[in-house]
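Labels run A, B, C and D following the written order; every chain starts at residue 1.
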């Protein structure tokens, strides 16, 4: 009797201790990833949100994937043949790949997915607009025919942001132009969808029947092995909270840490820094349709001349290791890197700008600069630019709105003259928003159209690079948009995570990672 | 029994204090009703609260003098200490029956609370005693009323409940501070006669505070008249009414409709009672007195006596029948 | 006038801390008026090389991530703090008082009006303010409006209660029976008696408006971010809490001191002017 | 009693209908368009139009209202545009955090505000009273997020005693120990509210202490602590209880700032984020629920007076 009482008491004490002990919440097998916000949808075809790509790549796979040198390698595909000068692409698929619902992936699924992507997807038209046919030419063979050769086809099929991930055919057919609902998040990746609880988390769990590529992991290519049982993506919008959360062990990984914390965090043993290998760059678009800037390239160049990008980058990013005042739209070392036109990139010369503006007939008309506070860097850069332009006698009025309002307003040409946004890393210049004639700003001069045709009309790399050089020079001449500079974001991780690379390529991935 | 000697009550802060009752002495014996009379602001209520040990500390306090009950000094003791030390012989009923009962507690609970403290009884015993007390103060359906809330009773009934609570404290002296002012005339008489009956039945002393000399003449055995925080005159009720010494007493009586006179004399005292702090030097009544002389305005006031128990503080008493 | 002022000040003499609060408020008003002269730098002057430098003789409160002088920005911020306070109080009084008086004097209309006030009170106040700002757009005027609406309801309720009581009071009844016009009654009897409770209410609304504005700023929906307000300074610098704690400390301190001083002064006024409204006020004050 | 509850419920429903119309109109006045947010950067005008028709946003606003109200009556608050999930589910998820946070905060408020207010009142005028009242006023003057940020800095980042942010459900792994995630947020939120309750309790105690019946109680010779507890506090709390109700209701929405600082998945932050995303159904649903909660609490407070104060007659 006494004995059992003692047992009971010690049991209760243990339970109490267990309850009070600072456990990290979930078991060691759940990896906790603190995200900056929530994805709008995880249907990768439809949106280009970074967060959707980050989460989505664990569930959904593309036919090709970039290796660590950004060269596309087969993933769901096993190889391809180019016929007819590159106008016909015959891709063979890996056999025995299972969807999360147990079904085997076949050419039918690939065709349905690529068709939906081509018709409704965020980035699909760039490739599929020129497609004359897309067919399953065998259970594991897909043939794509293009009217023109497209040198960027493989990069486009490998780029998972807004990219052609493969869903089961019945799901894509049913969804058509609407976003796929969470219960139909079925892919072929090493993790499968478990639940999405609004404001709380998205949880993926290990897919036991995953069939991967039989090759060492390299970048996004090669084998994808799920080492943890589950990954939880938890929205933590406050950066300070994300940092202290990793320091305290509440999260294993936290994305988008503010540049100003870099100096402190790089010496902090409780966190490990992962720099992004692919810079994001700020862009300030000009309205080519309406307003004082519409066709006044001289005034645009005056604005360009007034700006000192280094100041803007220093203020908005801070730590010098995290930014680079690079005028080229691609980082140095990238095959698309060129210095064409970049001498005008960051002159920061108010006197010269004043003269140029006067010569352009600028009469002090207020220039409306649309900017959102949802992105601190946007706002910081806009603040610096407004100040610099004021020094050059150019009257800029900031119109500060939230991001949703900005998206709506920028579609209306009479609402703005300039707006600030940013651009993610892309594998091919064709994906640059500025090259899209219908992107707000609506830059569609004859010069542009001619050069763009030259650029896309060939699959010869050297010819395409030359054309891109001219295009970049034209951007500095007609100034449809102004590049602010390269910003290298960084994430932090718990030092106990094993298997993470030193830098992330574009989006961090957690196959091959254990804790 | 209850003796108050040279009581001085001060108000304000220690740095700026002010005597609001000064040098008041009186005595109440068993079975005797002492009427304490004065206009509002004369210090009679403060005196009664001092006797009860209920002065609102720290704003008002007894500066000197003594209050003794059966020889024990209870001056500095609040009621709960008196109970603890066995001096709990004074209880009190207040002017406002409407607000003097706790609105959220049943009548029974409020009486039992007092019973428990003073009898040490609990539970059913306390409840029975509470019912007896209600019956004693002539409340019909006593058993039922125990469960009533104060707002369910009329003013007269509530004052009876207050008396029951006071009786529950088994008092030797009952202080009644203008207990009938707020009541209807008919109810007033019932309550007054109840108090007189209980005084006789329990052989209690009663300190009856009022501004109404008429009530005093009916009820009291002896009278003390206060003016400006001081005693003006004390004496047996018959002597005082027959032969008032202090001009103020005379004035008060002038305010009483005299049923004996052929015409209604209704004289008022000119002027107003002094506010504390504005009291004049010398006799405080001097500014309003018909008989005022220069000597009244300074120095100490002599006591004059017109019998063994009848005295006043005045330079120029109304009556020459002095001893 | 001087005797009135003296009696006003004498209230504070007994409460030295409240006197300090009053002195602080007078200082803030002076600073706000003279910010251009007193501030060593223009509040928007950027100096990226000197960003995030700690407090020094050159920059008393350090600099922010633009290299702007925090001291100068804090000084300029007092302008917006006062503007918001005065704006919110004026709005609440200008709308709440007429609604309250009219409701009390014309019971039929009053039932409808007070019902509407009830509906407004049922709305979560901060969310109501946020919603208004998103609808109207971000500007100082709209921030004032959004916070003012919250206190419109409390002011209307208080005015309603006071007017009802005054209306019952005999002298007002008497005035009415003598054929006095409603306007005369409002001007002669109701408004003068309303000053004390409204003055007290105003000082608290002023204080709570500071906190409300700071909350809106912090959520990024208050004063436009290019305006140096204390709340915006806090919102912008929260990520530097470890790196540059002074950025968070000084603007926060100013908010606390301002709200605290206003509360102290309001407390003294309340004790002095009308203890009856104590409960009413403390019951209804909500950010 | 029943008649009273029915009458009050009727009035509450009228308020709710009025509020729902106001909410609906307000929300549709918000500039910006959920469809742009949904479809992202590069949607074509045809896509936008198609989705607008599918969601019914092409209908006149009163048609949209009746459609929505009809669904609400059937217990269907609609589907989130952003999450593609029923609003009721989203609210249920957020409600756990919000209600628990409000409850824990309320415990702090009552546990700190009332006893300390009583202490200040019975020591009225002493340095204890002045000190406590001064601290209370200071706490009521500090912006909550400022307190929150410093609490995180001290207790989470520097000392590492408590989690800095987030809140896993108590129904998940960790169970009730997950409540520790709410410790700092609840303290942050409690500080100014406890200060208000403290001041109210103190003022109310002092008011009641002047009542005649307190003097009666003293005259009976009962002990001072009993006078305070049974006679003063009990009556003083009558004034405080209605403030408890208001405070609890206000905590749900006031928590927005605290939820943002501590990254808590509560309904307050849900509303703010939904406003930014123009997720109309979620905003409408959550605000409707909050208004409903406010009305229910109001009703409960009034009914509770029936039991607390015998003078109140509900008929």
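Just so it is clear, a contact is a pair of C-beta atoms (placed from the backbone, for glycine too) under 8 Å apart; a residue touches a chain by one contact, two chains touch by 3 or more.
If you're wondering where the values come from, they're calculated on a predicted model, not measured in any experiment.
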| task | Quickly list, by label, the chains bordering both chain A and chain B. | result | D
| field | Chain pair showing more contacts of the two, C-D and B-D | value | C-D
| field | Geometric centre: closest chain by C-alpha means | value | D
| said: Using only Cα atoms to place each chain's centre, name the chain farthest from chain B. | reply: A
| field | Rounded Å distance, chain C centre to chain D centre (Cα mean) | value | 22
| note | Cα centre of chain B to Cα centre of chain C, whole Å, reads 52
| Between chain A and chain C, centroid-to-centroid distance (C-alpha), Å | 45
| message | Multi-chain contacts only, two chains or more: what residues does chain A have there? | response | 238, 240, 374, 402
| Which residues of chain B are in contact with two or more other chains? | none
| So which stretches of chain C touch two or more other chains? | 134, 137, 238, 241-242
| task | If two chains touch, include that pair; go through all of them. | result | A-C, A-D, B-D, C-D
| field | Interfacial residue positions of chain D with respect to chain A in the complex | value | 31-34, 36-42, 44, 47, 50-51, 54, 80, 82-85, 89-90, 93-94, 149, 152, 156-157, 160-161, 163-166, 168-169, 173-178, 180, 260-263, 265-266, 269-270, 273, 276-278
| message | For a test of understanding, state which residues of chain D touch chain C in their complex under the given definition. | response | 15, 18-19, 22, 26-27, 29-31, 134, 137-138, 140-146, 149, 153, 157, 192, 196, 199-200, 203-204, 207, 239, 242-243, 246, 250, 252-254, 256-257, 260, 268, 271-272, 275-276, 283, 287, 290-291, 294-295
| request: Spell out the part of chain A that touches chain D in their complex, as residue ranges. | output: 18-23, 25-27, 38, 40-41, 46-49, 120, 122, 177-179, 181-182, 196-200, 234-238, 240-241, 244-245, 247-248, 250, 374, 402-405, 407-408, 411, 433, 436, 438-439
| Tell me, which parts of chain D touch chain B in their complex? | 125, 211-213, 215-224, 230-231, 234-235, 238, 308-311
| message | Please output the residues of chain B touching chain D within their complex, sorted ascending. | response | 52, 54, 58, 78-80, 82-83, 88, 91-92, 94, 96, 99-105, 110, 113-114, 117-118, 149, 151, 162, 165-166, 168-169
